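First chain written, first letter: the chains are A, B and C, and each begins at residue 1.
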Amino acid sequence: MKALAASRRHRFAPVILMALALLFTGAIYAALAPNAAQADTASATDIAEGERLFITNCSTCHGMSAQGTADGPALIGVGAAAVHFQVVTGRMPMAANAPQAEAKPPQLTGEQAQQIAAYIASLGAGPSIPSDQQVDPTLGDAANGMQVFRTNCAMCHNAVGAGGALSEGKYAPALDGATATVIYEAMLTGPQSMPVFNDATLTPDEKRDVIAYLMEQRQPNPGGLDLGSFGSVSEGIWVFVVGIGLLIGAAVWIGARSS
Amino acid sequence: MSIEHREHVGEVTTTPERFENPGISPHRPRLSDEDPRAAKRAERQTILIFTLSILATVGGIVGYFAFPIQAPSLGNVRMSTLTLGLGLGIGMLGIGVAAVHWAKSLMSDVERVEERHVQRSDDATRAAAVEILSTGAAESNIARRPLLKGALGTALALAPLSFLVPLIGNLGADWNVSKFRHTAWAPVNGKLRRLATDPSDRPIKPSDVTIGSVVHVMPQGLPDEPGYLEEKAKAVVLLIRLDPRDLNEPEDRKDWSYEGIVAYSKICTHVGCPVALYERQTHHLLCPCHQSTFDVANQAKVVFGPAKRALPQLPIALDEEGYLVAQSDFLEPVGPSFWERER
Amino acid sequence: MSAETSFSKAPPAAAVAAADFLDTRLGVAKAVKGLARKLFPDHWSFLLGEIALYSFIVILISGTFLTMFFVPSVAEVRYPMDALPVTMRGQQMSEAFASTLNMSFHVRGGLLMRQIHHWAALVFIGAIVVHMMRVFFTGAFRKPRELNYVIGFSMLIMGLLAGLTGYSLPDDVLSGNGLRITDGVVKSIPIIGSYLSYMVFGGEFPGTDTIPRMYTLHILLIPGLILAMVGAHLFLVFWHKHTQYPGPGRTHKNVVGYPLFPVYTAKAGGFFFIVFGVLALMGATMSINSVWNYGPFDPSLVSAGAQPDWYMLFLEGSLRLMPGAAEVVIGGYTLSLNVLIPAVVVPGVLFTLLGAYPFVEAFATKDTGEHHVLDRPRNVPTRTAIGVAILSAFFVLLGGGANDLLATQFQLSINAITLVFRVLFFVLPFVAFIVTKRICLGLQRKDREVSLHGHETGRVVRFASGEYIEVHQPLDEYERWIRVGHDVYRPLEIEPAEDLNGVRRPGHGKDKIRARVSQFFYQDRVEPVTPAELAAASAHGEHDALPALPADRPSEELDARVH
């Protein structure tokens, strides 16, 4: 008890709380996960419900039977993982035509996403939603994940996944809020501008290593505030705002006449 | 009322043309000059701030011992940095703030005046200096011996060469700048080099590369070769598969790709950053350093940004075991332009 | 007060003995007599240079700590499996990078010192630039201080070199790409570019010589040169005595201020501790250059947001903004103007302009006197406008260097930002020049107005006749002096090209150029109020006479604070 009280006072209490929160999120996710693992062998009712949801929410752009229209690509054969990624991150259904679909609060529940994914998967084979074990960061090797990440991902998503710009208003999003499953699915399916990293170019183990690296990066920076992880430019702004700013303030105080 | 462009103000009878400098304004006493209690208060504040500094330094040292660094936790690194830094920071800041507060509130703030002296020496001194120098010059007889002057100058000018020539001569190692033209993709003993993934060094089959995927590759086995980083700096390649219908290939490059798989140098033709941001939908490659944009569907020609030349293409083929290989080295130098590049 | 009373006591015997020891060997009494009561004018902006000096000292202290643990070698090692951070375990890396990680994670206080060192370096160059802006805008570079200006300017260049060499030492991906860009820039230099590249890297990029060579430059040669220049700079400050802002009693022939001992010793000495304290607090709480996030250098890697430290960002920006079409091949030789212009010509022009500015202005004024009273920036509109124009171009380049972050943070198209900045780089300096100059002239007119009519008091008075006027508070002579005391330059008149006998006068061509430059500088101007004008303004029944009106005069006061 004493130890617990001491650790609550500890500077790292927020970190541990964060870790607990992550675990909690994971636990909630685990409740949905059986569906995920079984997406390919989803029940007929799931598929039927998925089709209904698809027609209501997606068919305007993707066509009544997912064959694609001028406004949206065909979805036959894209697989459950792609659909799940787009729907749970809120990218689909799209709000408006933009350079790229933005992540926003999802309009459909996780279960509904699973059902649409099951429906699309039933139309043609494609990458399926990864299992819990496939995305478990504790099973991955963060050091190898870093090597893979910085070779294949950092040029767009920044060294710690803070995001970066692409051409013509497109961008690679920040990864700090993404769940392990979503990260895995993005690598597997290459949404929008992102290239595809199939299981031959990045093995499933390497993908899990990447997830382990990204989760490791969510630990607080040992050097202090991370200033957005944008590197030298934000450091340059802060050096003037905080450093030069405070010192000029001090200089004004020194130069001012005492009352 | 435009007062620009006006010339001198007309002379008005008795008033002077310009204002006179009124001299230093009278000194206004501070609270602490007049009220001994205010002075005492300032003194107590100063002592308090010095004490704060002392406590902070002690706290920082306590932090040093309290947070030994041990794996696997990053927590102590953070705590150690924080406690030592706060101790040092507040310790220093306290001394500074206290000293300045002392100076501002308790030391005299009556401004004083001091005369300046012009930098120019007076005429007598100048004359004396000229005299000394000309006497010296006359004693050395240098003016009447031009050859001596020339010999001295030449010797002085040349002497540093025995330092500079070996220094500069050795700085550039072998000076064989033709190395820019060759990369590790050149066949070794007639054997074509396989493309392998970076960093795991796995050879690649076309089936591994699906449409829309990107593989970062280098010659297989390169990590074990001498001059690895120098070779890698020239040899890195991006392997991209496009829908062959999207690919616009000129006649002479038709056999450089394999079923929509193309390989381009990853080194930017601008100043040499690795160009690595591939946008699958537009087939554009973007350099994160200076945003040169290359169109992979169109021989990696520049579509935006500060680069001029297209990225060099590596001609690829299949070997007998079905792995991707380079048909030859690049046919032009990779990376940034240099003076004799086209020669 | 208390200091003086304590002096009246006899000093302790030990102090007397020590002073005697020093004086009989070094003659320190002469130095104390000459220096200790030297006067320093008090103004916050005179401390900007001290920020630079003190952060340099902090750099030396923290840097000494770092040298104890840094290994300047690119020999390959494998990072231990039980070391921190976990993301680096078992990775191949250079000893330079491994030792940087080791000092960050396994040396207590090591990460703190690294962060203090880096923040202090950024503050050092930032303070130099801000100090230089102060010197520029107040005309402190004028005779006799031109040479000290040049020394200070050289320290800026040395500071940039120190930053560049230090930034590259940890051998991480970010700094490695910085070196790679340097290589690309060096190669673009005509004729000798390839050989220069070999010289810098000891062969092909990246080579194994760069880190050890940069280390020697970074910890020995460049700091040594900076120290020598700091010595010369400070010596000249003492020698010339400090400049002072215009004010009552201040002239070109005197210096008004507080004595070095004790007031300035306490203030300036205290400021050193404040600078150290602020830098230490920054190092303690704000992470900087977390190299383990970038990983060890590998020439095939890069990360989004690859930018240099802020003082090199303008070069990055000019490289980004330059269109590629500028590269040409002449007679089979490649001239990479798309790299040369932004990376060599732009900084070359910028630095030449800054370094030569004092001499250009002296040429225009033909002024040979010594200047120790500073200008208020508004009183030299053209110089102020030139400074702001240069700064505006500099800011456009900074923005160009951060265009990818602007794009993501403000959801803009990076291409559009780049195109806009290309235009702004040429347009904004002109706009800034004109606007600044107009603002300066406006402020000068305001000064005239206040000198003539006094401050508005907000009191509105109505006369029996129905006339409303606002009461103005006339300036006292001390306050007025600040507004009327400055010298005004007028465009130089040149002698005719031919003398009375029709013979061409030698040097007329140079004079014509001088007249044109002088015209540019001083054609638009506002002259300060003269005593005659003030007398005339007070004479025709001005409002400032009002408070002296007899009280029985029927008038009504209205509150007009909103006026």
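In this text, a residue touches a chain if its C-beta (ideal position, glycine included) is under 8 Å from a C-beta of that chain, and two chains touch if they have at least 3 such contacts.
Since this is a predicted model, take the numbers as computed values, not measurements.
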Between chain pairs A-C and A-B, which one is joined by a greater number of C-beta pairs in contact? A-C
Greatest Cα-centroid separation from chain B: which chain? A
Where chain B and chain C are represented by their mean Cα positions, the distance between them in whole Å: 18
State, to the nearest whole Å, the distance from the C-alpha centre of chain A to the C-alpha centre of chain C. 43
When the centre of a chain is set as the mean of its C-alpha atoms, what distance in Å lies between chain A and chain B? 33
Shared-contact residues (touching 2 or more other chains) in chain B: 74, 77, 81-82, 96, 100, 104, 109, 198-199, 216, 274, 276-277, 288, 291, 304
By the touch definition above, chain C meets two or more other chains at residues 85-86, 104-105, 111, 115, 267, 270-271, 274-275, 278-279, 284-285, 298, 300-306, 403-404, 414-415
Can you list every residue of chain A that touches 2 or more other chains, as numbers and ranges? 147, 151, 155-156, 164, 166-168, 172, 221-224, 250, 254
Which of the residues in chain C come into contact with chain A in the complex? 42-48, 50-51, 85-91, 104-105, 111, 115, 119, 122-123, 126-127, 130, 173-174, 267, 270-271, 274-275, 278-279, 282, 284-290, 293-295, 298, 300-310, 313, 401-405, 407-408, 411-416
Complex interface listing, chain B residues touching chain C: 3-6, 9-10, 12, 15-19, 21-25, 33, 39, 64, 67-69, 71-72, 74, 77, 80-82, 84-86, 88-100, 102-104, 106-109, 111-116, 118-119, 168, 171-175, 177, 179-180, 198-199, 216, 218, 227, 229-230, 232-234, 236, 266, 268, 270-274, 276-277, 288-292, 302, 304-309, 335-343
Given the complex with chain C, which residues does chain A contribute to the contact? 99, 142-143, 145-147, 150-151, 154-160, 162-169, 171-172, 213, 216-217, 221-227, 229-240, 242-244, 246-248, 250-252, 254-256
Touching residues (chain side chain A, partner chain B) in the complex: 11-12, 15, 147-148, 151-152, 155-156, 164, 166-168, 170, 172, 190, 192-198, 200-201, 206, 219-224, 250, 253-254, 257-259
Name, in rising order, each residue of chain B that touches chain A in their complex. 30-32, 74-75, 77-79, 81-82, 96, 100, 104-105, 109, 197-200, 205, 207-216, 240, 274, 276-282, 284, 286, 288, 291, 293, 304
